[in-house]
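So, here come the structures, one by one.
Each of the next two complexes has chain A plus one more chain, namely chain B in the first and chain C in the second.
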Partner chain A sequence: MTDYKKLWESLDMDLEKHEQLCNLLPDFFAEVYLSQENRPEGMNYFNLVVSSIHGLRPEELKRHRDSGGKVVGTFCVYVPDELIFAAGAIGIGLCGGSQFWVADGERVLPKNTCPLIKSFMGAKITKTCPYFQSCDLLVGETTCDGKKKAWEIMKNYADIHVMHLPQMKRDIDLRAWSHELEILKERLEELTGNEITPSKLKDAIKLINEKRKALRRLYELRKANPVPISGKDALLVTQIAFYDDPERFTSKVNSLCDELEERVKLGKGVFPSGTKRIIITGTPMAIPNWKLHHIVETSGAAVVCEETCTGTRYFENLVDEELDTLEAQIMAMSERYMKTNCACFTPNQGRIDDIIRLVREYKADGVIYYNLQFCQPYAVEYELVRQALQREGIPVLFIETDYSENDSGQIKTRVQAFLEMLG
Partner chain B sequence: MTDYKKLWESLDMDLEKHEQLCNLLPDFFAEVYLSQENRPEGMNYFNLVVSSIHGLRPEELKRHRDSGGKVVGTFCVYVPDELIFAAGAIGIGLCGGSQFWVADGERVLPKNTCPLIKSFMGAKITKTCPYFQSCDLLVGETTCDGKKKAWEIMKNYADIHVMHLPQMKRDIDLRAWSHELEILKERLEELTGNEITPSKLKDAIKLINEKRKALRRLYELRKANPVPISGKDALLVTQIAFYDDPERFTSKVNSLCDELEERVKLGKGVFPSGTKRIIITGTPMAIPNWKLHHIVETSGAAVVCEETCTGTRYFENLVDEELDTLEAQIMAMSERYMKTNCACFTPNQGRIDDIIRLVREYKADGVIYYNLQFCQPYAVEYELVRQALQREGIPVLFIETDYSENDSGQIKTRVQAFLEMLG
Partner chain C sequence: MAHYLGIDVGSVSTNLVILDEYGDIKEAIYLRTQGQPIKAIQEGLKILSKNAKNWDIRGVGTTGSGRQLAAVIAGADVVKNEITAHAVAAMKEIPDVRTVIEIGGQDSKIIILRDGVVTDFAMNTVCAAGTGSFLDQQANRLGIPIEEFGYYALRSRNPVRIAGRCAVFAESDMIHKQQLGYKVEDIIRGLCQALVRNYLNNVGKGKEILPRVVFQGGVAANVGMKAAFEEALGMEVYVPKYHNVMGAIGAALLAKEANVERTKFRGFDASEIEFTADSFECKGCSNHCEVVNIRMEGKVIARWGDRCNRWKVIDD
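Entry: the complex of A and B
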């Protein structure tokens, strides 16, 4: 990793603390990922990206910035990458998934805040994340109380633009969101000095749609039985989607899918036939948060789908590519993004319908409802999801946890009992 | 209390469980309130209202409903009573302040939800609150994640209209809020069958403004040194403001203020001269949540002001009374309500400015930041408030707690240490 020392210095990073962080990942990744049997060859690219997570891509960001480009950090699947790329900037998803940063986040945030928020805050204030350090602008949003209020503290450390996400999905809210997209467009034009033209936006819409289509293809292949790729590997791919170069990423996912298609034709899977199929629904899993997937897949089951922001919510629904005016394009984007069913909306029946539909499509045996500790929207929404799944006769297990490993044994016991109950 | 048994039966209440609740209040009220020395005579009315809290006013609500009137329950100082009263309905604040209901709230809500939300949910689902049982419609809002999502569950038990409160205070948000007021107006007209005319709304604006002016007068008198009324008593008055008949309430508060004015003239106070003066800021204290005030005022200090929803946020700022069209009246209401500085807004510098201003105006020696456990907006906002108060040299103590008495001893110790530090 020392090859990148100059890069990290140029990003004003805390090198000493950063080294502690870098020392943790390789063993952890080897234990969780490289121990898997029967992995697709196509995962090699993603292994490489992770093994050099603080080097390869940050180096690309630096080259982009050295030639006058801008980098924009985001935290939510409602923030439109299309506008960022149309402005000639690079968008990077920044949510923190590491326990390493939590204690530092707690220096400025209450302990009873969700670990994702504490983690990204710790990453920023300790200057140990090259992605944060590469950003010329952060874009926050008013999705949940924790994030909404965290931006006010983040402002002490970085330039941040906050988008006002409506909490309902009426026509008036759709228009309000398109207005927020327009405000962001202006802010990005100001930041980059580049005008967002209909033609550039059209290209960016296609670029991001292609990424979504590749992920959709990957998820379609997970419907096969036996499943041709582990849930852990699929999760890793989706996590990397948030920060990798979109064009390269799309091509690598499609290559992986070519290989998986062959596997499906041959009836070849990563787990034995008859392995229990689990859908995970709930809060996002930012890299390197592989905790629950690892527990499930070392307990004899397969995760076949994630109804999360690092799952279907990220790539479902495309933006209409055939529009030629900014007004129409922005409204189409507003429509696409407002189809996403996050628990921050009220009501949110669409998510319940999604979960039930996915259980059928993926022929899942059960659902694990994953909740990052202190995430209130998803925690409260569990009650209505539970009631609906019960009516449908779909077994569900609620797991609330943080990024520490303290409760892993206990969760494993509960997951195993749940899997046994599935029969 | 048995006089009201018929009333409670008519409200489909759980009489047995309700009796348990009724048995708790008298001793508790006597211990916290009647033990105080030197109370103003004018508090007798408010003592009476509390001692018959589930009888007197619910009986009035019943009479109103028996003659065809409607009752509307609310949970937030952003929901405009003016519109409710202009429609000929009675508005009642329903937030729960009792530990009695928390366990039942936890049957449908996560344990790590704020006690206020768990309490009102428990009150509704156990049918032990005559106010809830008297409501023809509930009006919720999207202030915080916990409440926003709780309405979806509440819908299983009651008819509820949810208002979409913006989370910022730009011009566009002001217009969005006025639009929400228009939607509520239509809903109330539909509910009551009464048209809200400019003239009726004008009367209602005056009615509610008069209540605000009376409370403002009460708070002005608390600026005197020695303070002529305890914080506990002032809090009780504000708590009762949420559900009492506005006209009678206003007149009783004004009588109390006449008496307090005399006290101030005579230099007569409820605590000795030199008593430390504390401002409490943070989350609301719904009746019968008197926990922190009781601790502070039995530790040798006086609470002289509350920058809370059961304090200044409830009555600061008036609605313009001189407007004659609905459009202008509703915009004036939107402007008035959007001046209120709740932590659900981002940014919320106005609240920091308010706290510092109030410390000066009330000549406070220190601030206690009160946070209901798991209230994220106020918990996260503490960091910026703390920083600002530190810059101003104003001592502040952060207390996070719930409705139980388990931590009372510990809080008392911390409050006493804080008061000693004030010198």
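Entry: the complex of A and C
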């Protein structure tokens, strides 16, 4: 990793502190990932990306910036990558999945803020994330109160554009969101000096749709019984989707899927037959948050799908590729993004329907509702999800946790008991 | 006759039971763990060894937060989580049980059963308000032996409302009520009601509590808590005779069910073997894991605490 020292210096990073962070990841990754059996060959690419997480891709970003390109950091699956790429910029989904940054985030945020917000704030203010340091602009959004107010503090450290996400799904909200997309478009044109033309946007829509299609294909293969890939591996792929080069990422996911298709044909699974199939629903799991998947998959079950922002919400639904005017394209994007069902919307029956549909499609034995501590929208929404699942006779376990390892033993006991309950 | 040993190592108590092949309880031992689980397990085995010639142990089950440790020391055939162990034991006692309330030293749980199958459960999270340790502490503070605590509550006619959401607040509220001059039995009954309210709103949240209700765990010995549950639920709450060792009973039943050909039990002499635990900080990476060695006569037989399995000992 030391080869990248110059790069990190050029990004004004805190090298000493960053070194501590870099030392954590390899062993953690080895423990959680490399210890798995029967991993697909196609995961090698993703292992490589993680093993050089703060080097390979940031170097590409630097090359892009050195030749005059811009990098735009985002935090939410509602922010459209299409516009960013159409402006000739690179979009990076910033994470905030590491406990390492939480304490630093707490320096400026209340302790009872969700770990995701504390973590990304810590990452920025300690200058220890090369992705954050590579961004020419951050794009925030008004999903939850915690994030909405955090942007105001973030402004002290970086340029940030905040999009006003509606929280209902009426026609008026659809139009309001398309208007927000137009404002973002102008901001991006101003940042990059590039005009977003219908043909550029059309290409970008195709580019991002291809990425979504590859992920859809991957998840489709997870419906097979026995499942050909572990939940941890699939989660890693989705996490990497947020910051990797979209074109290369798409091709690597598709080759992974080719391999998995062979496995499915041969009836070859990654776990022994009869392994319980679990769907995880709830709050996002930003890299390197593999905590719950690791607990579930070392307790004798398989995670077969995530109804989360680092799961189906990221890639379900495509944008219409056949439109030729900006107005129509932006409206189509607004429609696509507003189909995503996040707990910050009211009402949010669509999410409940999604969960029940996914349980059927993936032939899941049970659902684990994952709630990051202090995430109020998802915590409140649990009650209605629980009631609906109970009516359908689908077992559900609620797990509220943060990024620390303190409660792993307790969670493991609960997960084990839940799996035994499934019979 | 075949016998089965169950061991439940919790944060506060370590319990051992011996069942015969009909599932009847032949011995039940309740010991304080006192932060020394190895010593407590060995102490228990030693007590049981006095009648060793009566026992033909064919299977051993362990449960509780110290289940791995107990499994290594005694030699276990089945290692199960405490939800399953408690549910199995409650069903043995009351076959048509539909709700199990279990309050132990530092945790509390609810288990919902329908037709003899666990259909739902919940445990307290990091907060230990309302568990045995807290009641112990309050009894101690009021200078009342914990065994008599519940009877004080039963004598109360006008319970005082105590804030039960958090042990810290409950304690300051109790002190405040004492200073206002309320009678100690009214405060104690109020405390029992507060803890029951807290339990039902947190651990029992969203759960359909149907009879029959079995109340077990160390706190079930507290008649004040039993009465407060009955009052709040409007139904009879049954406390089994061996309520404080139900986890161990469940573990023994699970060992019996497993029906292993040859038990891994080390024998009651395990109480004489020198087991020690020591730890070191691994310098292998910056995680600096605190790795625990469990040694039998100096030889490492198990290790845990390392995140990467680098130190894993493969035991035969």
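Here is the rule we use: the second predicted complex is superposed on the first by the 423 of 423 C-alpha atoms of A that agree within 3 Å, B and C clash if a C-alpha of one lies under 4 Å from a C-alpha of the other, contacts with A are read in each partner's own complex, and residues count from 1 in each chain.
Rule of thumb we're sticking to: a residue touches a chain if its C-beta (ideal position, glycine included) is under 8 Å from a C-beta of that chain, and two chains touch if they have at least 3 such contacts.
In this text, all values refer to a predicted model and were calculated from it rather than measured experimentally.
Student: Looking at A:Pro395, would you say it contacts chain B, chain C, both, or neither? Reply first, second, both or neither.
Tutor: The answer is second: A:Pro395 touches chain C but not chain B.
Student: Once chain A of both complexes is superposed, is A:Leu109 in touch with chain B (first), chain C (second), both, or neither?
Tutor: So A:Leu109 only meets chain B here.
Student: Please tell me which partner, chain B or chain C, touches more residues of chain A.
Tutor: Answer, by number of touched residues of chain A: B.
Student: For A:Phe374, using the defined touch cut-off, is the partner it touches chain B, chain C, both, or neither? Pick first, second, both or neither.
Tutor: The first partner, chain B, only.
Student: Is A:Ser199 touching anything from chain B or chain C once the two structures are fitted on A? First, second, both or neither.
Tutor: neither
Student: So, A:Gln416: does it touch chain B (first), chain C (second), both, or neither?
Tutor: Only chain C is touched by A:Gln416; chain B is not.
Student: Scan A:Glu383 for contacts with chain B and chain C and give back first, second, both or neither.
Tutor: A:Glu383 sits against chain B and chain C alike.
Student: For A:Glu31 in the superposed arrangement: first (chain B), second (chain C), both or neither?
Tutor: second
Student: Name the contact category of A:Ser404: first (chain B only), second (chain C only), both, or neither.
Tutor: Neither partner.
Student: So which positions on chain A get touched by both chain B and chain C?
Tutor: 383, 400
Student: Would you pull the chain C residues touching chain A in the complex into a rising list?
Tutor: Listed in rising order, the residues of chain C that touch chain A are 65, 81-84, 117-123, 125-126, 206, 284-287, 307-309.
Student: In their complex, what parts of chain B are in touch with chain A?
Tutor: My answer: residues 108-110, 112-113, 142, 144-146, 148-153, 155, 162, 164, 166-168, 172-173, 176, 179, 343-344, 346-348, 373-374, 376-377, 379-384, 400.
Student: Taking the complex as given, what residues does chain A use to touch chain C?
Tutor: 20, 23-24, 26-28, 30-31, 35, 383, 386, 395, 398, 400, 405-407, 409-410, 413-414, 416-418, 420-421, 423
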